[in-house]
Structure formats: C-alpha cells, structure tokens
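What follows is a pair of complexes built around subunit A, which joins subunit B in one and subunit C in the other.
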Partner chain A sequence: MNLSIPERSEYLKILSDSDQKIMGVLPALYPRELLWAFDLHAAEIWDPPGDILHANAHLQTTICPVVKKSLEFILKEPDVINTGYLFPHTCDSLQNLGTQVKDLIGVSLPVYTFYNPKGSFNNTTTKYYREILQNFQSMLEVSYGTLDSEKLQAACLLGHRIDSRLMDIQEARQTDRLLLGNQEYFQLMRAQEYLLPKDYMSLLEQVEILDQPSEGAKARILVSGILPPSPQILDFLDKLGVSIVADDLLAGSRRLPKFPMDPPDSPLDYLTDRFFILPPCSTRGGDLDERLHQLNKRSKSSKAQGVLFDLVKFCEPELFDHRLLVKTLREQKIPVLTLETELDSHLSGQDKTRIEAFIELLFEMVPR
Partner chain B sequence: MHNLYFAGVDVGSLSTDVCIIDQSGKVFSEMVMPTGVNGSEAAERAFDASLKQADLTRTDISAITATGYGRASVAFATGKTTEISCHGVGAHQLFPKTGTVIDIGGQDSKVIQVDTHGRMLDFAMNDKCAAGTGRFLEVMANRLELDLDELSNPLNIKGESAPISSTCTVFAESEVISLLAKNTPREEIVHGLQRSIVNRIWGMVTSIGIQGEVTLTGGVAHNRGLVALLEAKLGLSLNIPDNPQTVGALGGAHIACRAYHSTLESSTT
Partner chain C sequence: MSVRAELKYKIMKDYGAPAIMALQDIKKRKKRPVPEAFGPPLESNKRLKEILSRHYFLSRYVSGVKKVAWVTSGAPVELLRAFDFYTIYPENHSALVGAKKQGGDYCGIAEGSGFSQDICSYARIDLGHMLSGKTPAGKLPKPDLLFCSNNICQTVLYWYKAIAHELNIPLIHFDAPFVTTEQTEADVNYMAQQLQDMIPILERVSGRVFYLEIFEEILKRSMETSKTWGAILDAMKAQPAPMTIFDAFGHLAPIVSLRGLPVAQDYYHILMDEVDNRVTQGIGAISDEKYRLIWDNIAIWYKVRFLATFFAERKMNFVTATYTNAWAETTGHLNVKDPWKSMAKTYGQIILNNNLKHRLGLMTKMIKTYAVDGMVMHSTRSCKPYSVGQFDLRKAITADLDLPAVILDADIADERVWSEQQIHTRLEAFCETLEGS
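Coming up: the complex of A and B.
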C-alpha cells in the first residue's frame, strides 16, 4: 500500500509560511490537546537530521544523541519553530537541556517546561498532574489569551479519535491485517510527531485494514526502545522478510493508552486519566514487572518470536530497564537481540550480521 | 554412490578461509589466505587454491555456503549464513560436546551458545571497541616491534602484567608508548594487552553465560599466552582446534551439506 505521507520539513515549512503557530516540542509526553486548543501546533523534535557540530560544545560526551541532535537543531533557531519550545521532563538529560537552553544558551523564543510526574496512578500523582496541567494552561493563557473550553473539548475528542484509530491499526498490525512494510508502518506512526492532528487523522483514515489476515511474514519480532530502528534497518528487515508486528517504543505504542478510553467528558479529567493509563515506561519510573508483563502480553498477542531492543546510546532510563528485561526474557527462553544506535544513517556490517544471525536463530534456518 | 563435496567460504576482515568436505564430513582441504582489499577476489583465489589442494574442480562441489563479513560478495556461493551460525556448527563438528564457542577474529569477537546440533541458541558480539579483537593485537605488535608469534608467548600467569587500563585501541596504544618510555619489560606489556582482551571477552561471557565445553575459534586462538589467560579466567580448559581460523568455513561446508540434503529430502517427499 502506498500512503502519501508529507515530508516533515517541507510540511512544517508550508505550515509556518501560512502563519500557523508552531511550537517545538521535545520528547516525549506532553498534553498535546491543550496546545491544540490554543491553536498551537506541536512539532516534535526527536532526531532531526544533520551532524552534531555545535551542540557538543555545550554537552558532555556521554549525553544521548536525541538530546544532542535536538540542541543542534535548536541552536540553528529554525524559522519553522515560531512560538517557543516545550521541554517535558522525560529524563534528566532533557530536563537539563531545557534549563540550559532557557538560562545559559538563550534562544529568542520562550522556553516552557512540563514536569510529568514519575510513578504510578494514585491520589498524590493525579492531583499533581492536574495541577501541572492547570499551571501549564495558565502559562499559555498569558501569551495566547483565555482558553476556550469548547476548543479544548474538541481537541480532546480529536485526540481520542486518533488514539482509537491508532489502536485499531496496531491491532491490525499484530494480526497481519495491514499491507504496510516496516518502513511505511513506522513512517505512519511517526507522522503524528509533525502533522496537524486533523491531517494526521485523515492520513490514518486512508490506512486500509483487511478483514482477513494476509499471508504472514517469514519471521515476526517485537521491537523495544525509544525510537523505531533506523530506516536502513527497517528496510533490511523488510528485505529479510521480517515483520515488526508489535512495539514497545517510546516513540510508538508507549504513547498510546493501554486500552480504549471513553470519549472525553471533562477535558482535564480525560487528560489526567489518559496520562495514567499509558503503558509502563522507563521515563516515568514505571514498574519494571508491569513493563515485562506488558511486553509478554504484546509478544503473545502478536505471535512475535523474539524481541529486538534498539537502544539509543547513553539513554540512561532505558539502559536501566534493559538489563533486567533482557535477563528475564532470556530466562523465559525468548530470543533477544540488542542493537545500539547513535541515530546516524549508517548500518554497519556487524549490525547486519547481528540481525541476520538473530533471524537464523528465530527461523531455525540452520538445518540439523 | 559417488562422492558429493561441499564447501564453506569464510571471507573475514583479515583472512579468507575455505574448507571442503565430502558428505561424510571428511575434510579434503583447509585454506587460509589474506583477504586484502577485495573480498570477492580473495574468495575466488582461496576457493581455487582449495580446490587444487583437494584435487577437485568447481563442478565437483554440490553446494557452497558463503560466510564472514564479506559473505555477500561471494558470487559463486549457493547459500549464505552468518559466521555466528557457522562457527557454532564448525566447533560442534570438531568437539561434539561444545556448548559454547568463543570466536576472536580480526575485527570483532563473539560468544555463541549452541545446542546439541551445533545450532546457535544465543550470542553476544563485540565490535564497538577494537580491544577484544585480533586487530588490536596486530596494532600493538607493530608498536612493540614484535611479530604475532612473539606476541603469543605463553607467560607465567602469576607473572607481572603491565596495567593497560584502556579498552580503546587508540588510548591503549598511547598507554603502551608511555610504558615503553618507562622501560617496562615487553613481556609485561604483552601480558597486559592479553589481559585486556580477556577482560573484554569475560564481559560478553557474563552477559550470556557458559554452558558445556568451550571451544575457542578464530585467529587469536593461535595466541598461546592469551589462551592460558582465558583458561585461567574462565577456570576451565578450552578446546583449541588445530586450525582455528577455518572453523567458520568448516561450519559453512557442513551447513551447505545439510541444506543440500534437506532440499533433496523435501523435493522427493
């Protein structure tokens, strides 16, 4: 199937040329509906292309490339970002980057922060989350006028429709009812990072979901980590006949509620509930047992034969979880492969060998 | 029935190795040649030399598995399999009780767990830093003005070893330079280098674990000092093949033979 997904920078350029207010948002979780209600478009900055040159002067060598690439992008003060930057508290590195950009480096646009609570659903965390939502709203009201509650309600409804459709697509992926290769599938997932929600919704509606499963892939894997594997790896997997049937990625299913929600009634309640039913995540200090449970559940429902961890180099939260996840999966005799990425486009010969060997293992390709 | 022959061609970063067997597993040729700059030419050259050694022609070979980092460049192969699977099968053929293979080649090193058919169950691979690879030893041999054989001398394990803290070739090289400047005896430096490789291997071993007998493959298995240190660190004695560099090619030849017969079986059933 050929989806026509607009290219990120071209799309954003057209938007900013048409005077759309665009905020640059760093990974990963933030109340997007609140921004939409102020007619602010959230353009997420995860792994902008280009070499890391000037950012290195401000950051330690052991900082992850997501942070470095984001800073490199911000230092260029690109025109497409025209209203400010938002730094959610995803990890210490991003939080520090927010402070650095705001107080030390300085950019011409305002810098906002959003302190997601760490820990699971309870009275204190939900109360805290509601408070920060309200504070964030007040902060935006200073620049963009009083929030129109109908707009917020409409934004939540649209967010809810996007979530529901994404859940259907994810479910179809797991059961071979999508005619998308690995590359195209993740392009579709990642288009939510920069498309206007209405454009994203219409893109999702174009995705064909089959009634019956198509012929299954040769091998099925689940991928875990922060970002999907690079296009080079996805392409390589496509060529090997390997399908990523499920994911546990921060830029993927970890930003989608674990189960369908009722349509929003009261927006702030809805946003709070939604945050707390997101899948367990290393960046929210989630419970590792729950993450493992979730991973197993997804593996089973998608019939994945193995798990590929694609780690961003120096990503502390993820590395912390990874050790224990791998240990437990190995004990359960689930084949595991770990790759480490610096977000460049290069696919080394060794990584190719790792992937092929992993596939040989999954397929039992070596005869007795 | 006339003899059927099978070959494995392992195009590695430093050496291109070929092995020819017949259907009973009897080895007819083992060849090790430098890879040089062109993997596909090296494969042709080594294969021709191997055929000559076995007194065979290309048409005598029923199936050929290409393996090694240059496996894609072997145009005449009938199949390709990673060196990880090939080392597993090859080591198992030589030492049937092998449960774990440690392969230390030119540009990377691997620890591979295998089942009772030599099929890979799990693996770990180091390629991030050169320490832990043969290339590291070559760079250091050069710096110490020793040949690879001199660098392989077994040392008294209890003997002194110079502290080489770095796991990066570039830094390790400068550490070696400063040790030389301090007139540290060469044997101590060699010992320190071997130890740093063993430590890298140990890291991989702990990540996937050891089972069954352990077979060491790849060119670095020629390094007797390193073998002794690795045995001491693991607390067991290692199986060392006579020809550690051709184990991947041997495994490739066996995989070619198995694939040939399983295709035959499935086409006759």
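Coming up: the complex of A and C.
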C-alpha cells in the first residue's frame, strides 16, 4: 500500500505560510483537543533531525537526546513554530528544560507548561486533573480569547474518531490485516505528531484494513521504549521479513486509551477520563505489575515472538522499568533484545549483528 | 507486636546502644590530627555520630516492635511520625556508602542485576544494598512501607516502585506538582487532600490510630527544628564563618532523617549553642578565611575531605549551599492551625520542585547575604533536577554579579566517575581566577 504522507517540515512550512497558528509541543502527554479548540495546531517535537551543537552549551553530556535535540530545535527559533512552546510534565529533564528555556535562556515566543499527575491514581487525582485542564484553558484564554465550547466539543469528537480509527488500525496490525511494512506503518503513526487532525483523520481513513489476514511475516515482534526504532532499523527489519506487530511506545500506543471510549458528552470529563485510561507508562510513574500485564496482553494478542526494547540513552523513567520487564519476560521464555539509541541515523554494525542474531532465534521458534 | 522483640529492643535502647557508643568512643580516642588549615573541630561532631550510630544500631532490633518505613528526603515524614514508624532514609544510607568510597561496589551489584549504570547512583547503591544485604551500617531493617515524594525528583518514584515490586510491600507516593510560576490553589488542595487520603492506609499498615493532637505536636517540633537548622546556617554569615559547608553536609543528617523527633530538635540546640559561641569568640572553621564560597548541588560524598582540605589550604571557605538550605527554606509556611495546606506549601515549594527563576533569585540572595566571592557548582550525573539548568544559572550569576564560578562534573556517590586530573585542573584555574579577582 502506498500512503501519501506529507513530509513534516514541508507540511508545517505550508501551514505556517498560510497563517496557521502552530505551537511546538514537547513530549509527551497533553490535552491536544484543547489546543485544537483554540485553533492552535500542535506540532510535536520529539527528535528533530540535525546534529546537537548549540544545545551542548546549555545541557550536560548525560542528558537524553530527546531533550537535547528539542532544545537544539528551539534555539534555532524556527519560523514554523509561531505561537509558543508547550512543555508537558514528562520527566525531570523536560521539567527543568521548560523552566530553563522560559526563565534563563529566553525565547521570543511564550512558553506554556502542563502538569501530568504521577503515581497511582484515585478520586483526588481525577479531581485535580480536571482542575489542571480548567487552568490550562484559562491560561490559553488570556492569549486567544474565550473558548468556544462548541469548538471544544467538535475537537473532542474528532479526537475520539482518531483514537477509534487508530485502535482499529492497531488491531489490524496485530492480526496481519494491514498491508504496511514497518517503515510505512510507523510513518503513519508518527504523522499524528504534525498533521492537522482533520488531515490525519483523512490519512487514517485511506488505510486499507483487510477482511482476512494476509500472509504472515517470517517473525513477529513487539517494540517497547520511547520512540519507534530508527528508519534504518525499520528498513532492516522489513528486509529480514520481520513485522513489528505491536508496540509499547510512549510516542505510540501509550498515548492511546486502553479500550474504546464512549463519544464525548462533556468535553472536560471526556479529556479527564481519557488521561486516566491511558496504558501504564513509566513517565507517569505507572504501576510495574500493570505495565507487565499490559505488555503481556499485547504480546499475546499480537502473537509476538519476541520483544525489542529500543531505549533512548539516559532516559531514566524507561531505564528503571526496563530491568524488571526484561527479567520477567525472560522468565516467561520470551526472547528479548535491548538496543540503546542516541537518535542518530546510523545503524552500527554491532547493532545489526545483534538484531540478526535475535531474529534468527525467532525464526527458529514456533509461533505462539 | 512481639513481647520478646519489644523487650530486646528496650534492652538495646537503654543498655546496648549506650554500651556500643561508649566502646566506639574509647576506640576513637586516638584522634586524627587536624590539618593546620582548619580551625578547631566542632565539639558537636561527637554527639552527631552518637545519634546517627544509635539510630542505625537500634534499627537492627526494631523488627516486631515498630513498623519500618523507607522514606525519601523530601517526603512529609511528620505524618509517618504520628504513627510511630521507624524511618530509614535510603538516600542518607547511600550517601554514607558513598562517603566510605564503597559506592562503586554497591552500584556494581545493581548493574550486575540489570539496572543501567545511567540511573541515579543513590538508587543504584540502595538497590545494590537491597539485592545483597550489604551495608556499612551493619544491617538495615526491611521496610513494611515505602513513602516517597517526587518533590525532589521523579527518580525516587521509579526507584521506590522497583523496591515495592521486589519486596511486595505498599508504596505511598506524595505527588507534588512542579511549581512553574507559582503554586495554584488547585495544587495546594490536591497535595493537602493526598495527605489526608494517606491516613487510612497508614493506620492499616501501622496498626495505630491517627490522633490530630499528636500530629500537631510533631509538626510543631519539626517546624522548630527546621527553624533552628536555618538559624545555624544563618550563623555562617559571620566572618569568619563558624562552620564550613562540608561540616554542614554532615550535620544535615538529623534534619533530613530524624525530622519531627525530639532527638533532632535537641541536637540542633546543642549545635546552635556551639556555633553561636564560636561566632562570639571569632573562631572560624578554617584558620584563615580569606575567600567565601557557595556550593551548588548535592555533596560529592567520596571527596568531601579532599575538597574541604583543598579549599581550606587556599584560605577558601564554603559558607553557604543551596543543598543545605533546602531543609530550612520553606518551613516558614508550616502552620499547626492549618496542617494540611501548610504542609502542601512547605513540601511543594522546595528548591528542586521550584522553577529556575526562583533558584536564580535564591542563589543571588544567598551570594549577597553571605558575602560570597566565588561559586562551585557540582554537575552530577545522578540528579537531573539539580543539574539541568546549571550552565545557564552559572552564566546568569557570573554576568549579573561578576562572580568567578566553576562547574565540576562528578557524581554524588559513585566514585568511579571521578576524574582527578580534570577536576584538579578546573579547581586550580578557578582558584587562580578568584585570587586574581
């Protein structure tokens, strides 16, 4: 299947030239529908291309490349970001980067923050999250005028449609009813980071879901981590006949509710509910048993034979969870491979060999 | 509660601990000579060692007598005190391991079991201890409960989650929203409600009932103790300063790990008296204080003696630090009449949970009020909330105040990352600049 996915920088340039208000949003969780309701387009900044040069003057060598690359991008003050930056509260490094950019470095655009509660959740957390949403709305109203409640309702409906379609596509991926290679599949998933929601919805609608499973891949794996593997790795896996049938990625399925939601009735209630039914995630301090359970569930439903952990160097939230996840999966005799990335485009010979050895092991296995 | 265990604990408390302390005292009578660069050592050091040794010693006998909680340094421990938990501070224990230059060994144990060497060394040391049982403190009691707050970092939540899973014990997490501009009413209410939500869980785990009057008494004591600690730090404004910040790194232990207990309150009165006395008599911590410095970030525990001597020999004294100040800065918000919200304000606004504009303002104020001539920043790979932003803080401070500054790349407790040559070169260059300024 050949999907026509616009290239990120060109697409954002066209939007910016057409006076679309664009906000640069850092990883990972934020109420996108609220931004949409103010006609603000969220362009997510995860791993902008290019070398890290100027950011090194502001950040230590032991800071993760997602944070460094984001800062490098911000320091360039790119024209496509014309409204401001939003720093959701994700980890210690991004937390500090938000205040560093706002209070010490200084950029010409406004800097906004959004707190995501951490730990185990209960009624107190739910009430608080709703208040955070209301405060965030009020903050945006200062700059963009009173919120049109109908627009928010429409934004939530569109968000709900996108979620539903993504769930269908994920389910189809797990059951071999999607004619997309790894590269194309993740291009599709990542297009939500920069396409206008209506454009993204149109793109998702173009995806053909087969009624019956196609010929299965030679091996099936699940990927876990922050971002999808690099295009080089995805391409390599495509060539080896390996399909990534499911994911546990922060930039992927950890941002999609665990189960289908009813269409929104009250927008803020809907956004609150949505936050609390996201899958367990290291960055929210989610329960380890619950994450293991979710990983096992996805692994079984997709018949994944092995798990590839693609970790971002110095990413503490993932590094802590990783040990237990690997230990438990190995106890369950599920093959595991861990790669560490600095988000560069290079696929080292050593990693290539390790991937090949891992895949050979899977080829020898009887599918689960 | 077992009668036998309680009896054993009581005997150890009343007779065992004093006997051990007396024995230690005899052993240590042969004192190490004090280098010339230093003034007379603090007499309170002896009492501090007694208190800490006793606390760790008695912890060996606490099982079956009191419930044990492992707690993070920024957590509102006063609530746990109301249930008579015996508290152990893994960060404090990791610092102890680090100070003994054993951090690398403990980290190695955690790394060998699958934890990454890129995670916080306090966490790796603690996990290494948990997995091996090794400790320089003899033996630490297993926790019945874990209590953490992300007001110092998110790391503690990931770390305590790993322990909770390994030991299959409950974890209470106090979620403290980061203060990006100022605390909102919603933030305060959220934290206040969380504290109240904890009561039934704490009652269940401890088997004790919550009494507001007891809690208020503890809160009052904690408040008074923090205030005294703040006054001790204030006394370092005197010239010469009666302590070095390296002394304060040690004397910090009770305010961190015994906060809310009478022993901490009493101890700081003793230290306060001694410090006041030294100020009156003009006794300095170093023999000839010529330059006054500020320290930023957690101590480099395995190099405290080296750094103290290095600077003292150059007539340089650290008179203030953002780190030691953290347990005094926000306690002014505590109010016994409004315990829950005042605790939310106190614990929610500590330096590491506050924005960098606040930190810049605080450091600028400290530099001015303590008459500081130079700044040493420890950029530690273990602590992101403390280290991310330091490069720009340095830039802002040196520009605004024309203050010489140096950044040392090191780690809090993993001595394997210490680069002697690089640090020495930087320190020498810094001292030259300071002496020439």
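The rule is simple: the second predicted complex is superposed on the first by the 362 of 368 C-alpha atoms of A that agree within 3 Å, B and C clash if a C-alpha of one lies under 4 Å from a C-alpha of the other, contacts with A are read in each partner's own complex, and residues count from 1 in each chain.
Simple rule for what comes next: contacts are C-beta pairs under 8 Å (C-beta built on N, C-alpha and C of every residue); 3 or more make two chains touch, one makes a residue touch a chain.
In this text the structure is predicted, and so the values were computed from the model without any measurement.
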Touching partner for A:97 - first (subunit B), second (subunit C), both, neither: second
When both partners are placed on the shared chain, which of subunit B and subunit C touches more of subunit A: C
Touched partner set for A:356, first subunit B, second subunit C, both or neither: first
First, second, both or neither for A:218, with subunit B first and subunit C second: neither
First (subunit B), second (subunit C), both or neither touched by A:348: first
Subunit B versus subunit C as contact partner of A:293, first or second or both or neither: neither
Overlap of subunit C and subunit B interfaces on subunit A (superposed complexes): none
Residues of subunit A defined as touching subunit B within the complex: 330, 335, 340, 348-350, 353-354, 356-357, 360-361, 364-368
In the complex with subunit A, residue positions of subunit C that touch it: 113-116, 118-120, 123, 150, 153-155, 157-159, 161-162, 164-165, 173, 175, 177-178, 180, 184, 186, 189-190, 193-194, 197, 355-357, 360, 379, 381, 384-385, 387-393, 395-396, 409
Contacting residues of subunit A [partner subunit C, same complex]: 57-60, 62-63, 67, 89, 91-93, 95-100, 102-105, 113, 115, 117-120, 122, 124-125, 127-128, 131-132, 135, 282, 285, 287-289, 313-314, 316-317, 319-324, 326-327
Residues of subunit B that touch subunit A when the two form their complex: 69, 81-85, 88-89, 107-108, 117-123, 125, 127-128, 208, 255, 258-259, 261-262
